[in-house]
Amino acid sequence: MPVCTFEWRYGSNEMREVFSREHIIGKMVEVEAAIMKGLEAAGLAPEGCWEKTLSTAKYVEPEEVDALERRLGHDVVALVTVVSSKLGEPCGKYVHLGATSYDVVDTAWALVLREALAIVKKKLKTLIELMIELSRKYRDVLMVGRTHGKHALPITFGFKLANYVYELSRSYERIEEVEGRVVQGKIAGAVGTMAGWFGRGLTVEEVALNHLGLKPHAISTQVAPRDGFAELISALAILGSQLDRFALEVRELMRDEIAEVFISSGEVGSSAMPHKRNPSIAERVCGLARVLRGLLITALENIPLMHERDLTNSSAERVLIPHAFLAIDQMLEDAVAIASRLEVDEASMRRNLELTKGNIMSECLTSKLVILGGIPRVEAHEILRKLSRESFEKGLSLKEVFIKSDVGKTLPAEEIDECFDYLKYLGNYRELIERAVSYAKKALGM
Amino acid sequence: MPVCTFEWRYGSNEMREVFSREHIIGKMVEVEAAIMKGLEAAGLAPEGCWEKTLSTAKYVEPEEVDALERRLGHDVVALVTVVSSKLGEPCGKYVHLGATSYDVVDTAWALVLREALAIVKKKLKTLIELMIELSRKYRDVLMVGRTHGKHALPITFGFKLANYVYELSRSYERIEEVEGRVVQGKIAGAVGTMAGWFGRGLTVEEVALNHLGLKPHAISTQVAPRDGFAELISALAILGSQLDRFALEVRELMRDEIAEVFISSGEVGSSAMPHKRNPSIAERVCGLARVLRGLLITALENIPLMHERDLTNSSAERVLIPHAFLAIDQMLEDAVAIASRLEVDEASMRRNLELTKGNIMSECLTSKLVILGGIPRVEAHEILRKLSRESFEKGLSLKEVFIKSDVGKTLPAEEIDECFDYLKYLGNYRELIERAVSYAKKALGM
Amino acid sequence: MPVCTFEWRYGSNEMREVFSREHIIGKMVEVEAAIMKGLEAAGLAPEGCWEKTLSTAKYVEPEEVDALERRLGHDVVALVTVVSSKLGEPCGKYVHLGATSYDVVDTAWALVLREALAIVKKKLKTLIELMIELSRKYRDVLMVGRTHGKHALPITFGFKLANYVYELSRSYERIEEVEGRVVQGKIAGAVGTMAGWFGRGLTVEEVALNHLGLKPHAISTQVAPRDGFAELISALAILGSQLDRFALEVRELMRDEIAEVFISSGEVGSSAMPHKRNPSIAERVCGLARVLRGLLITALENIPLMHERDLTNSSAERVLIPHAFLAIDQMLEDAVAIASRLEVDEASMRRNLELTKGNIMSECLTSKLVILGGIPRVEAHEILRKLSRESFEKGLSLKEVFIKSDVGKTLPAEEIDECFDYLKYLGNYRELIERAVSYAKKALGM
Amino acid sequence: MPVCTFEWRYGSNEMREVFSREHIIGKMVEVEAAIMKGLEAAGLAPEGCWEKTLSTAKYVEPEEVDALERRLGHDVVALVTVVSSKLGEPCGKYVHLGATSYDVVDTAWALVLREALAIVKKKLKTLIELMIELSRKYRDVLMVGRTHGKHALPITFGFKLANYVYELSRSYERIEEVEGRVVQGKIAGAVGTMAGWFGRGLTVEEVALNHLGLKPHAISTQVAPRDGFAELISALAILGSQLDRFALEVRELMRDEIAEVFISSGEVGSSAMPHKRNPSIAERVCGLARVLRGLLITALENIPLMHERDLTNSSAERVLIPHAFLAIDQMLEDAVAIASRLEVDEASMRRNLELTKGNIMSECLTSKLVILGGIPRVEAHEILRKLSRESFEKGLSLKEVFIKSDVGKTLPAEEIDECFDYLKYLGNYRELIERAVSYAKKALGM
């Protein structure tokens, strides 16, 4: 039975498959085959060997490689030995010729990351589309906007969600950009000079990477530069922190005292308290976001490798790359589940909106006093602050208090009424929602 | 006397100026003026007020604002009060009308960050140009490439440096990309709906931001989304980690046993040991990189703000943004100083290259055995591993040992000789250096 | 005007003083004097020099040292030069004899940290005492306990606060423990062997450190081991995260929908919305906690110094140590202010307790069914889960629904009544509060 | 095949076993049995049930629990259901009575952590003992001490290693201290008041925890306070960073140019270069240290849980706790392997010591000039700095240059000779080594 919770509890099978030992070894054989193709093109290996190399992939058993690694102390040497031996002569002897381990490891990472990022982008796209749908569905559903946890001004639930449409689309952009800097091949041999191919390295690299559909790093040491990996984990950790924000939003709106949204679910809430319906799925998102933020430190520390490389990135990356992807994978699935199962209690939203008895409209009255009453803004702000205090203390609505105040008498009743018509104090929310949607569509190429 | 070392010891005056309290307050007044211009365009304030607002900037004393803040407990309210009072009637009363503090704070951050990023890009460009120059100057200067801290294969010093050209250029790209997602205006009022402008918010925003040369966020809560700030600090922390790598490279090459490069300097090295010439400037770069990596955690945790905003990002950003920029600023200055003052000891490089008595050429012999001798690569690798061990144990050169070995006798002497001609085993280093330079030129728009 | 917000906005003057440049330089002179006393005892310097050295402290101007540092590139060499010159003959020539810079820097850090930790402990003690007082004052004030943000079971406000008494006392313990591992002197010369004192190093060390009231590290390289600093910042970051938890608690309980506690204050809440009373002080605590968590990374990375030391810790510590202390200082002051100004609305607490119509007592009914009704716990849990669902759906109280249910009929009415008497379902809260207080008293030596 | 590298590649089977799903579930059943024992003592369950509960442990299949969890959405409810059902009547119905999930989860964590910490302490003790042995074995083996990577003064290899003896012993102390704050039981029911035990909670807690050999938290919310977990991961991350320092030391001393120590091994070094013998095992330690530093962030962020608990710590801890222990476990095994297999090349050490031609003795000459020559220390330092420069430039030994200099002529020849006798310039290294050993013995209770 496993020790790592990502083996079974968190992360989808789809993502787990991408980072399974078999799959990664398969990708490494694919890279050895691509290098063989390059060797052939450069006249360094007999024709036809690359296809034969590729065909050994399905016969290479991870257990066999691992057993040999334990004996030899080097995973790529073990793999090359197994592949060569399965391949036999005449091709076997050319496997890995002129290459170094990280030609294989880093280029296989690129292949694996391309697949993993495709899953991330697919799920993120699904989430953004859902958010677009929800922000339009709830476009005009009034609720209170909250700042500092306190009632601020009316918004709509659709407006709230449109912010996530925009924020998540920015992550989509970031992921696409980092993809260009991390899904790149590294076929340049030991220390990166391509010396092992006797002057024909550019051909080996070009043919191998074309075959794999990867562009090369312009130059490299023995390994691809690690800034790309750090940027990748950063993009995932930022996305994770945005999902953290969304999950926190839902958790807060699900509080019994607020009760504006729910995640429909048949789950048991508590082993002690039968009445509990907890936002566990949202809390899981917040927890895994912390894992991602931590892993970013590991990724950053991998950048300052010594000279033409040291090996310190290796153990760190074996941990951080699969775990980061399985974490974000679970978080995206959870966020999609939350968004899909979101129930909205519009009555609660309305009730909460009235909770502070009109005080949330103090800004509107302030502005009216300035524009119509000619009172300096700073002064009007102070007047309303005092009236608001009075309203809280007396338990009266702000409207009542305002009308009776000195300044209240100076404003026409219809102007005061207008301030307490929430729908009239939503500014340009519709255009802003549409701007967010347009941004998303452009970012996602929809 | 200050407590923060960035007040005087680290960071340039140029960067310090950008983050000085005066400058930030000046930018905030500039934003208030831009909002006033928007209000005018929207018919919400009398014409001509914006220029008058802007002209108060030079009369707003930080001390005055701070004193008022201490009384009011709110910095932007204090600023608005001071500006309004200086402005007098009729304009004073419209200052900040319909706006919220973070319209001013976040848009002022955008202006400040634009300036700070210009300094970063300028210094990074200088550094990359220096690296290009050095990688060409030392293009053909032979040295040993080191992996795991051990001698691997020959490279040239120019080839080594060209890797930094490429890596730093990737950071330049990243900084340009994040600039588009963080140097953005936020003029949307409380909770982000623009309600305070009675339907004319899009005009206020457009006119204000056009004036400041900023594009708006598509939508926002009461504050700009914080992912942009996290991405920014990430880009700086990645750049910082690359400079850490360069500084570590230099520190290692300066070891007395290696002695391949030096930083020319008249500094005292040690208070105890008069003979010391230490790479202190490079060590400072490594130390400050750690500060940057830590600050990124702070920036990431700022993303999950509650609902339409909470204030937790505020204190964190007051610390992290100036400190991150002053750290990278010092590091870039130090890296430029190191690169400018780099002395290269080619004789040491040559001497070190010979240190392992030809063993670094074992890969070449392996390949020759495969290609010319028809020996399977795995087997050839094992043969050379043993011959290399023999060479170390007997204190003989690999060439001697190889020639006398069974396999050595099977290869023509000129093929063996070729393997020990370092200049012939540098692969495509020249083309790779040029690829790195081309990449940089494209990235930097040179 | 400063760039660092800790120069004026955050942190007390008391703490700022401890980390001011003058104070640190003063401590360094104090250490030089102590070393001189050691030299005298070892017969390496004339008698009476140490007092003269100490007396120069007030004449050493930081500006003078800084000016010399800029010329010499080494801060301790500059200091020694200034002190020697002020001291004149015959003592001047012995200043720093046999010592290394970090004898002075690290031992001065120990002195500074001792003072800074005294401030932290004093403020933490004040906070814990306040929490004890409040947890007793509100010992029996009923409120709902919340898990997952949802109503769970009744607690009292005093019980809630007693948890902070305990948690903060654990931090007090930790700080006392780390103090023993970081407030330690390092007087061992270059590379740590004490060679510069010609066999009399143990005397120099003993006399110098006794004078300063510090115990020595058992052994050291040229510098004190950096694990102590990391542990210190860890203890502060953990304390900071606990204050983060307390501040978050208050922020949540201040929500308009919850309204159970308030921070009394005359602050302006919002520049846009005059009605706002925001928990800004609590939000500041949460923000600064993020700064502390980030700085811990920096402190950890300082541990793996090379060989007998490298200098990379220096720049990092100049930033992280003062900033960490000023951050925790502000946070402690804020937490004390919050606790001192806490207003409790018992009516709100009571109203919220009733919000879920008795559903929070489902656990009690479950247990009664097991104990009195002989129903297996798993089954009883499921029964109550369904009844609770029914109660929510029908808008009825759980009591009503339960009484009418099949199982309800099997329980005596007084047993059911008992379950809905909140005061009877508080378990051992009084003893637990007292356990927390006892723990605190022991930890704080009260 | 697994995705997590800790399933097979890193970490010992011994540690893996402790964190295996079966083992953790077994510990949870053990806690349920202990609670049952408490219930019996409190008269809330029939006698004899606790032993029956415990005996079900071996029949509870993780797969069964997991299958039920998938249906119920709650792992502890699933476990309780399985245990109850296996137990049958009359005991089955009392399982988990009055308890909450985290009574089980947190108390099981305490049991698991006690075992895991025992392994850590055992391996750390082995490592410290090895270091003590080595520091005595190499007590008098001369080598150069290096600061800033540059030659500083002579030390001995034993002196160098004794620093690790001390540093690691400090970690041992820390781990013992944190153990007292994290290996603690939490049996206090939902929200922590013990309400579910109708006033007899203190008995339930006392009996249950006595049985398990754990002391209770003085008070708790629904969960144990999370500062203990953060402190634990901090102690491991600090230890990890110390091992990082040791591994870095070895890597540097293994450089071909330094060649002072080696790790004896039969490993293949490189897939490309047959001659390579790499310090891969040491590099792995450095890589995993980065994983630990990152995980600490996750642990710290888990502290600020909301109110009486939220669930966000759960997913984060499922990841971070096992991974942190498996990482440190591998690192300790690696460090022990490195220390056990350390080969020392005393000739290299001697050769390197001579490398800078006596310049490393400049401090000694400085002091002689002060003490015997009456020259002020600042002046003597400057004289030696210049003579040292001259020595480097002319390629002469410092002794030669010194003797010919003006000041050289003022010192007796035997005093000069003494300075160049390395063995006489090792200060109190022997006493310091013994102080380190004594410290370790006290810390480890040897």
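Every chain is named by a letter (A, B, C and D) in the order it is written, and numbering of its residues begins at 1.
Note that a residue touches a chain if its C-beta (ideal position, glycine included) is under 8 Å from a C-beta of that chain, and two chains touch if they have at least 3 such contacts.
Computed from a predicted model, the values in this text were never measured in an experiment.
Using the contact threshold fixed earlier, the set of chains in contact with both chain A and chain C is B, D.
For the pairs A-D and C-D, the count of C-beta pairs in contact is higher at C-D. Remark: chain A and chain D have CA centroids separated by 32 Å (rounded to whole angstrom). Annotation: 23 Å between the Cα-based centres of chain C and chain D.
Each of residues 77, 80, 96, 98, 146-149, 152-153, 189-190, 196, 251-252, 268-273, 278, 280, 283, 286, 293, 296-297, 301, 310-311, 363, 381 in chain A touches at least two other chains.
Chain C makes touch with chain D in their complex at residues 44, 77, 80-81, 84-85, 89, 92-98, 145-149, 152-155, 159-160, 162-163, 165-167, 170-171, 173-174, 177, 181, 188-199, 201-202, 217-222, 225, 227-228, 230-231, 234, 237-238, 241-242, 244-245, 248-249, 252, 286, 289, 293, 296-297, 300-301, 303-311, 363-364, 367, 370-371, 374-381, 425-429, 431-433, 435-436, 438-439.
In the complex of the two chains, the chain A residues touching chain C come out as 146-153, 251-252, 254-258, 268-280, 283, 297, 301, 352, 355-356, 359-360, 362-363, 366, 381-385, 387-388, 391, 398. Chain A contributes residues 1-11, 16, 19-22, 62, 66, 72-74, 76-77, 80, 96, 98-101, 104, 189-190, 196, 251, 265-273, 278, 280, 283-284, 286-288, 290-291, 293-298, 301-302, 310-320, 322-323, 326-327 to its touches with chain D in the complex.
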